[in-house]
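In the two assemblies presented below, chain A is common to both, partnered first by chain B and then by chain C.
On to the complex of A and B.
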């Protein structure tokens, strides 16, 4: 959650303790819901059965400081007690350690409104499910500071991942990485053919590490470009959602083929080793093979495999994509996520409009 | 003035002359009190004491008794000089700080007396380095007048239990508050930082507690920036004794076992912070 935002929202509910975070541009939202069974004792409390459960937010840094070293926590801490004391204005975290030692942290918090992004996995046309390991191994090929990737589908059920290159990027300074995953690497694939979606990788990496560590399969729900993309992890006592805004595809309508229109590129055949050889051969000669892997496209170029300009050689350069600021999707085209108003979490999101409904929930009285 | 690479003949009269087979026995202890650039060295027949002070509030002493040295001779009744501790440590560790088993730096230390520099001869693997460190007038040092008869509360803890706590102290807090009491919470370390307060409680019956003699409930605050350097001594030690007197002065004594199993001591004394108030519970 700290990879998403600087504040942790705590919301005790009847169905468990929800921890949430949102990023500053409101284009990423994550929530972890721990069911009551996850805890030895869970009392959401409240003055009476009708009283609204208290919620608050704390600085992420304060909590990270308490849970700083996982190995030492595992070694020395037996139990953790979390108490929310609205009247004392304190969130109490008490760690019961070995040798009878008790560490008590009394943290200040801020009251806040409910933080909830509006999304509906049912309305997503495409869904993928894969073990976290598969995705982690795929993502490792991209530079750590890379901001956006495009996930696409190709014929034969293959799924591609490719770094997103901005239009304005100079071809000579851009490195494009693309990889294809076979359908059988996934636990389930239900995708609209020819679909693609671009999202911020950095915010996804945090969830991916968590999924890997907890050995849970990751489900990805997505729809049209511009609509939120939802990553979920499910367990008997834990429900995790990560909602990311995606790049809307305004350009691809006017310019065909789009720069990242993966659907226009033929997917590599299954004979990868041969493909790679002929691909490399195509780079060196001026005649492209009639079939085989496509040359990577650069902005403003049509992606014909027989591209023979010297620019192709520049792909050999090791220079990184020019500096997208990590952490926030800098692209103006990323829409803020729809954030529902406080009262109606279950409301279906307005389907047709591209309007930004991102209300600043903190500003609501 | 040229000086040879040979240590002086033992016939020469030196106010202090000492030999140590493993310079680390000295350097590791000195590092535990190295929070200021300068230190005052005292040598008596019983051994060497190195004192560092700061802000007229805190004093640390490292004791290396004569028995630790292979040779230790003090010709005058007492020998006192001030020297740059940073330079002294750099010289003692001139062959590097990594401790490979079997290799050690041998040290011979000579001091002719008032006005003369401190001479160090260091040898490792046949290579000899000669260092000459200028000495200065000793400072007047604080006398905390802390004696065992005035102690109100005393506990002895195994250092293992405190190491992590001290390393992770919330440095956004200006003070470290220490509560010692015959009743709950018995022994409590508290900080009051930007995120809120934090309390670390050690019960009197904890396995870490080697001795617990608290007669009165006392809560005292000390500037955390002054006490933080004591973490180094804590890291080296196996046991620590924590004592406070009626005025709230704090004495921390660390028992340190060196590589050869010999025992040395480092102690820290600290004055309480001005506004002494009862801490939050």
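On to the complex of A and C.
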């Protein structure tokens, strides 16, 4: 949760204790619901059956400080008591440790509105379920600092993961990494063919480490680009949801890889289009802008040989992007999740009660 | 112009990755020169690189199971590419248990070196990860900029102390000063010195041995007349030295340096299948 936001929202409910966080740009939301059975003792409190249960938020840093070192917690702590004292304005965390030592932490909190992202996994057209290990092994190939990744589908039921390169960044300067996973690496695959979705890897990695540590399979629900993507983990006493906003793109095929399968690397073939040779020829013959600095930089793309021989490019044996990407870069929009001011507890409700924060200005739906 | 290569043996892959990691520490951007039998990583001594230059040479046969290359033209059967070794290092980093790694030069939107890693998986088909590393193709008219640097007319040539020791000394010195003085003589003695307003530290090494260089034009014979005890020194950027030492993940078979007093220090690190030369200019 600390990978997502700076504040932890605590909401005791009849069905368990819910811990939630949201990031500052409202594009990522996570909730962990611990069922009453998870605890040795669970009293959500409340003055009466109709009284609303108290909720609050605390600084993530305060909690992180208390739970910092897992190994030492496991060794020395026997019990942990969490007590919410609204009248004293304190959230008490008491660790009962070995040798009769009790550590009591009194944290301040702030009262807050209910934090609830509006989402519905039922409305997602595509669903994947995989052991956390497979996804962790997939994600490891991407650099730790990488922001966004695109999940896509390919022929033969393969699922791809590819780093997303913003169009503003020069495509000729960024390394592109793509990974293909076979359908049978997943526990279940129910995806719309040709679908793809781009999301932020950073928040996902947090959930992924949790899933790996708890050895739970991860289910990914997604729909069209722009609609939230939902990751869930389920176990008998814990329900986890991570909701991420996704990139909506005007051009539906701007980033998706083309359709040749790569289940095996193609054998070396003479069809290797020597577009490099013509590229070189173009560079040799053109007077070339005297690339000012004496050390050669990446060649300018002005000769644009790629565009002049589209036919030869297509003959190349393996996957390649669709032809020339048109000039107007897609308007990047991470849609905010819709946060309704939902006062009534219960299942997240679909469209009807949501407050639209960002109007859908492109006709993608 | 085409290039395709494949590594299947894990030990070769490991070794190759380690070399790339070393190169990545020394240069943000460098030239990869491909010939039929060798690969070269070259950093030329432009001002942009802080004047340091590098020449690393390996025989492709020692690493690749398949290696096919066609240069720019029949009489110039070579390819020069500009790339960021860090990208290559990252691509190979997670390939440590790969079944095969293939490399190929492609040009879809722009010239790229495509590294395709085939990884084992529990499913029926392997997992494939591809990394498209953007490269710049260097036109033939610029190839002269990247010729092998010649060994400078040095004052002293000496074998380096154990790199691990040297590395830990230099790393600590780096915290105190930005510059380090390397001095050595023909009696196998070397000192590493730093000096600031507050402190000066010197580490002395002896019995290092001086490599015998075949005398060419009699310049070495005059060295014999030279005072064997006299030190030749050069003051260099400590960071560059530290990066060179930090990048060495395996002990070289031979490690030596040539000092041209007050001008340049030329390091030569030789392994069985790869040789690395690194030139650090002296600070005026």
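One rule holds for everything that comes next: the second predicted complex is superposed on the first by the 261 of 365 C-alpha atoms of A that agree within 3 Å, B and C clash if a C-alpha of one lies under 4 Å from a C-alpha of the other, contacts with A are read in each partner's own complex, and residues count from 1 in each chain.
Quick note on the criterion: a contact is a pair of C-beta atoms (placed from the backbone, for glycine too) under 8 Å apart; a residue touches a chain by one contact, two chains touch by 3 or more.
Predicted model, so just to flag it, every value in this text is computed and none were measured.
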Considering only the touch criterion stated at the top, classify A:61 as touching first (chain B), second (chain C), both, or neither. first
If touched residues of chain A are counted for chain B and for chain C, the larger one: C
For A:72, using the defined touch cut-off, is the partner it touches chain B, chain C, both, or neither? Pick first, second, both or neither. first
If you stack the two complexes on chain A, which partner ends up touching A:223: first (chain B), second (chain C), both, or neither? neither
One more residue to check, A:203. First (chain B), second (chain C), both or neither? neither
Look at A:143 in the shared chain and tell me whether it touches chain B only, chain C only, both, or neither; answer first, second, both or neither. second
First (chain B), second (chain C), both or neither: which does A:185 touch? second
So, A:103: does it touch chain B (first), chain C (second), both, or neither? first
When the two structures are overlaid on chain A, which partner does A:177 contact: first (chain B), second (chain C), both, or neither? second
Set of chain A residues, in rising order, touched by both chain B and chain C: none
Residue ranges of chain B in contact with chain A within the complex: 161, 164-165, 168, 170, 194-203, 205-208, 280
Residues of chain A that touch chain B when the two form their complex: 58-59, 61-62, 65, 68, 72, 76, 90-91, 99-108
For the chain C and chain A complex, residues of the former touching the latter: 1-2, 4, 44, 46, 48, 68, 72, 82, 84, 87, 90-91, 94, 100, 102, 105-111, 116, 118, 121-134, 136-142, 145
Under the definition above, what is the set of chain A residues touching chain C in their complex? 137-138, 140-141, 143, 171-185, 262-265, 268, 272, 274-277, 279-280, 283-284, 288, 293-299, 301, 306, 313, 316, 320-321, 325
